[in-house]
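Supplied in structure tokens, the structure appears directly below.
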Amino acid sequence: MPGNSFGQLLRLTTFGESHGKAIGGILDGFPSGVRIDEDLLQRELQRRKTAQSPWASSRSEEDELEILSGVFEGFSLGTPIAFLVWNKDQLPVDYDHLQNTFRPSHADFTFEKKYGHRDFRGGGRSSARETLARVVGGAFAKMLLNTLGVEITAFVNRIGTVAIPKETELPELPVSEDSTVRCPDPETSEKMLRLIARTQKEGDTLGGEIKCIVRNVPAGWGEPVFDKLHASLGKAMLSINAVKGFAIGSGFDGAAMKGSAHNDLFEVREGKLRTKTNFSGGVQGGISNGEEIVFSVAFNPVATLMKDQQTVDKSGKPVMLKGKGRHDVCVVPRAVPIVEAMAALVLADHYLLNRAARI
Amino acid sequence: MPGNSFGQLLRLTTFGESHGKAIGGILDGFPSGVRIDEDLLQRELQRRKTAQSPWASSRSEEDELEILSGVFEGFSLGTPIAFLVWNKDQLPVDYDHLQNTFRPSHADFTFEKKYGHRDFRGGGRSSARETLARVVGGAFAKMLLNTLGVEITAFVNRIGTVAIPKETELPELPVSEDSTVRCPDPETSEKMLRLIARTQKEGDTLGGEIKCIVRNVPAGWGEPVFDKLHASLGKAMLSINAVKGFAIGSGFDGAAMKGSAHNDLFEVREGKLRTKTNFSGGVQGGISNGEEIVFSVAFNPVATLMKDQQTVDKSGKPVMLKGKGRHDVCVVPRAVPIVEAMAALVLADHYLLNRAARI
Amino acid sequence: MPGNSFGQLLRLTTFGESHGKAIGGILDGFPSGVRIDEDLLQRELQRRKTAQSPWASSRSEEDELEILSGVFEGFSLGTPIAFLVWNKDQLPVDYDHLQNTFRPSHADFTFEKKYGHRDFRGGGRSSARETLARVVGGAFAKMLLNTLGVEITAFVNRIGTVAIPKETELPELPVSEDSTVRCPDPETSEKMLRLIARTQKEGDTLGGEIKCIVRNVPAGWGEPVFDKLHASLGKAMLSINAVKGFAIGSGFDGAAMKGSAHNDLFEVREGKLRTKTNFSGGVQGGISNGEEIVFSVAFNPVATLMKDQQTVDKSGKPVMLKGKGRHDVCVVPRAVPIVEAMAALVLADHYLLNRAARI
Amino acid sequence: MPGNSFGQLLRLTTFGESHGKAIGGILDGFPSGVRIDEDLLQRELQRRKTAQSPWASSRSEEDELEILSGVFEGFSLGTPIAFLVWNKDQLPVDYDHLQNTFRPSHADFTFEKKYGHRDFRGGGRSSARETLARVVGGAFAKMLLNTLGVEITAFVNRIGTVAIPKETELPELPVSEDSTVRCPDPETSEKMLRLIARTQKEGDTLGGEIKCIVRNVPAGWGEPVFDKLHASLGKAMLSINAVKGFAIGSGFDGAAMKGSAHNDLFEVREGKLRTKTNFSGGVQGGISNGEEIVFSVAFNPVATLMKDQQTVDKSGKPVMLKGKGRHDVCVVPRAVPIVEAMAALVLADHYLLNRAARI
């Protein structure tokens, strides 16, 4: 199958180049009878945009969403939900110098090698603008999951060298949207903002880490042996621009632990079989066990710098890539709703898949 | 689609419970005309088995592979390749006590919740014995990749608290199969063996980390935006038993770096456009860029301990789970060929998918 | 997978309700580097519309196609091609009486039963207006097939009781678009037009049969044992509104023949191995054999009549369904480009699939 | 996806060459908790075999079925059900003359063209022996459908020029297995047997037509717009060896009817909304409407004759293909359980798919 579809029973197919006419998608397999929450849709788009932030780029994306099908009288029809956002802010002239130069750690070189012919304006299909369609698809998935009580909350755990200290007691999630860095620890937030300001002055950029917690998933979701729940989540996260790592539960730290410390022993809590610890991250044998699903996603620093970079052009001639325009210093806070959206798509899909597990 | 198939154009479907009649699979989409290398098949199975190792369990799996179809006069037919290994060593009596107890951090509880009815003997379908079929499928994928010069080499980078120091100069890979822990650094190997011996005495277990390096993949493999090469690799690895994390290139460390340090600048080397560094891990925008593909996989410690664990049974009654039988202290070295096999399946599939990218 | 996608490597996903905002789709997996022929696109849409015909309904569909992505500087990018046509002619008031009545032999009843909630205006998702997206997707597939010399030509073989006599020598195909019934035999065309005029006066409707011939497909396309070329063609045709039958080569007539008459013996013609007859219809064992691919598609008569029908409403109360508005007497001529479009999608997909058959 | 899998949530993957080691498959996605009916399995295999019949070949296929996984203590586990039948009756020496000659209307030529390398013994993968795996998969699907009351009954409607007269009142179905031709009309059966005997003497072969009736399918199964229920059935049937046509409800006859005669008007019967007639064949808009599902399948005559055929060999040299060995005169009666099996797989899959249609 071509690579622009995600999911099995709930399937999002996206389209759009950064500087083409529009970005959008089709969400197929969304069950009929779900109340469509327009506010949730707008809120998620707004969370992705956050143009007001100190660390965000200037492109004023007036992202007006149009739903083209699949919804009737406020409820889903069970037919494909198509949607789009027009690209209003097209300034192709900005990008002409990129026709012959491959920006370092972008996808210019690999798209050229794969396809021969590419839209070099602003990254084309490889632009992070594509994630807009994921956020819309994810918002629908959230509406479905809301009917089941499932809650998905992501937050920023690290920006560059600044991370929430391990033993910090976190306040109730979700994080207030007042925090411009979407970090639930106020002290760490402060440090992050200072680091961002400093890095911006240097013309440099930052990466970071997002943590996501999913509550109220019942035991039973996940399809062994290949479509294990965390394998599907991992693929979803790794398909987001700039993601370099995924870990569930104890993750890479778990590799250094002993079995006697890592095993999640069972106990009875409030009349239910529960685990005392949750190093498994809510998934055992690829199937949800009813505990919180907890995972982390690592983002590398933004590849577009505001300072010059010495590289070579298409023909191999040395060229100085100028840092111009205005770009994000760090996209990690903006990626929070994207992580949640992809998690929602995975979980809603696995919910539907699990309906077929038993007679 | 049900969860026991992996891959799109090259698709492995596996079957088998740990104590059922047989373990095996069907590899469909394998192109015709590939010379079948029986030695490679046997070698890979042997590498997975390694019953001789100090850290391995006593089950003497006489894994005699039978190829049932798809091969004729030494070459692949392009038709499905079915294969199986009989389960000879069935001692169901060993497992009767597990009918009513869920072992901690195993899949007993989640399988019960998902399916209602389960084969409780030795983990049934969730047993690591299932990976045998992956190794066979991967061996075929390697035969295909060998025709293209692609080389896949994995090794053990960490066992428990012992890891290869970051700056260690590694010897030529692949690791000699003389190293029982499959670690290329002799000094670290020694430490790992000592840690294993010590942990075995304690009745405890260990996890670890495997690193995998793939050479000679041409630029162009990977299908944006969802089936990015590293997203497919991530899913493949996370679907292996006990895997808790996946990272490509700079991975989680990259989250702490600045853009100016992380960007892989282009240069001309031996007449070709290459990158000076490889923090991207050989994949940019989800497509291979011709550099080495480098990724890491984290395994949690073995969940079956040789010491007693206080847990509860199905009905919630406290029960002491006895550590009996003989089990692996650490499965990470055995997982090396499994990591390679899954990588081979992903890469061979993406090779075929990329054939459709251009006219 | 949800049901609104078609194809494996070349995959069309469509959306849109008859009286929603728009009809459109995403064509994913279309290879990069194909020259986009805007004329062909417009011509195919025009062929589907044919509002000038005596047998067509009055809805003046001003179908202005917008391509939203996947094309750059006149060539395909290898990224998803999204497109849409706005529904301008929305008169929902026309359809209010259908909220509580299920039209006979339409999909009103079954959509209600399946989804619970449905867009009752003009058939909603089950309207033949949906085929517009198929014609656009098929036009792109034709552009790809044109680079290989493959030619697809369909024509009307029967309308109601009037069919081209079996032994008629047909003129060179494709049929001139001057024939409003798209039948290559002038004498039969005349009879068809007379039958249509007579039936229109009665307020009744007609079905018919389309024959399709595909030339220059090389031997080798088709994926046994389930995705045989003619099985894929059959599914494609049976998914078109009102189709009730599919036959390849000798079809149902072949069931009455003897083997000695039916077998297509080999001979050498123009230096190539060819068959003397073509009862197989160009496909043997599910794979193209290089001969013309010949198949037939049966359409039932239009279900919307211009005369009253005695039926019952949702609650079971007798109701007279009035024949009002103006509707097609026979859609078979309009279905000719739809049959071609679906054939093109199948063939282009199998062309790409077959690239993976051999090393 | 490679072509040896069928179905989406219930997926059968088959393997095996006619003269390889074994024929078998994996049925994945079969829900847990279904009681496994061994008798039904044996009966279906026996029905396919019917070596006792006058029109069947002499190959004494001792088809002993082995279930390798997915079943535990008499119930399905929800894990993949693997099964196989060994090929005991291997006489490769019989087939050496076929290495350089392509049998007319077989798949020898097209397999050679597609794959380059083929197993020429007895048709290899293209042999009808492959359908054995379909019958096994279908038997499991029937067990699932039985829990829902769905009944599938196929019978022979035509052999060569002998068909059941249109107005014949048929006895209660299913047809008694006493009828060696599986035709429910005793008079027609007699004529069929005489035709078979006569044709056998001539060394010639026959085709025919199978009709299938499915009862008790509730309204709602089928996934518009591409995976319509009858489109899935059509593909399933067309993927069976020697099938040349598929028709649902009125089929090709419907093309000659007028709308006023063809429309299935609603009425209330036994308190339910039902249709007076069933020209739709139980499917409207691609979704089951609760009426009987009725379809027909056309088989061309057996391609292997008992008389000589003048053809050419691989290099184009004239060659006389000798009619030797002993082969089926007509396979249509044997195809009855195969048609039922494929119908069962389609229906069980659509049952599971439809579970995801609504919240």
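Chains here go by letter, A, B, C and D, matching the order in which they are written, and residues are numbered from 1 within each.
As a working rule, contacts are C-beta pairs under 8 Å (C-beta built on N, C-alpha and C of every residue); 3 or more make two chains touch, one makes a residue touch a chain.
Keep in mind it's a predicted model, so treat the numbers as computed, not measured.
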Using C-alpha centroids, which chain lies at the maximum separation from chain C?
B
Set B-D beside A-B; more C-beta pairs touch across A-B
From the C-alpha centre of chain A to that of chain B, how far is it in Å?
26
Between chain B and chain D, what distance separates the C-alpha centroids? Give it in angstrom.
39
What positions in chain B touch 2 or more of the other chains?
1-5, 8-9, 14, 29, 32-33, 78-79, 114-116, 125, 224, 357-358
Please name which positions on chain A make contact with chain D in the complex.
1, 9, 29, 31-34, 78-79, 144, 147, 224, 352-353, 355-359
For chain D, which residues count as touching chain C in their complex?
1-6, 8, 14, 102, 104-107, 109-111, 113-116, 125-126, 130, 158, 160-161, 199, 202, 204-209, 219-228, 230-232, 234-236, 238-239, 244-252, 254-260, 262-268, 273, 275, 279-281, 283-290, 296, 298-305, 307, 309-312, 314, 316, 353-354, 357-358
Report the residues of chain B in contact with chain D in the complex, numbered from low to high.
1-5, 8-11, 13-17, 20-26, 28-29, 32-33, 66-70, 72-73, 75-82, 84, 114-119, 124-125
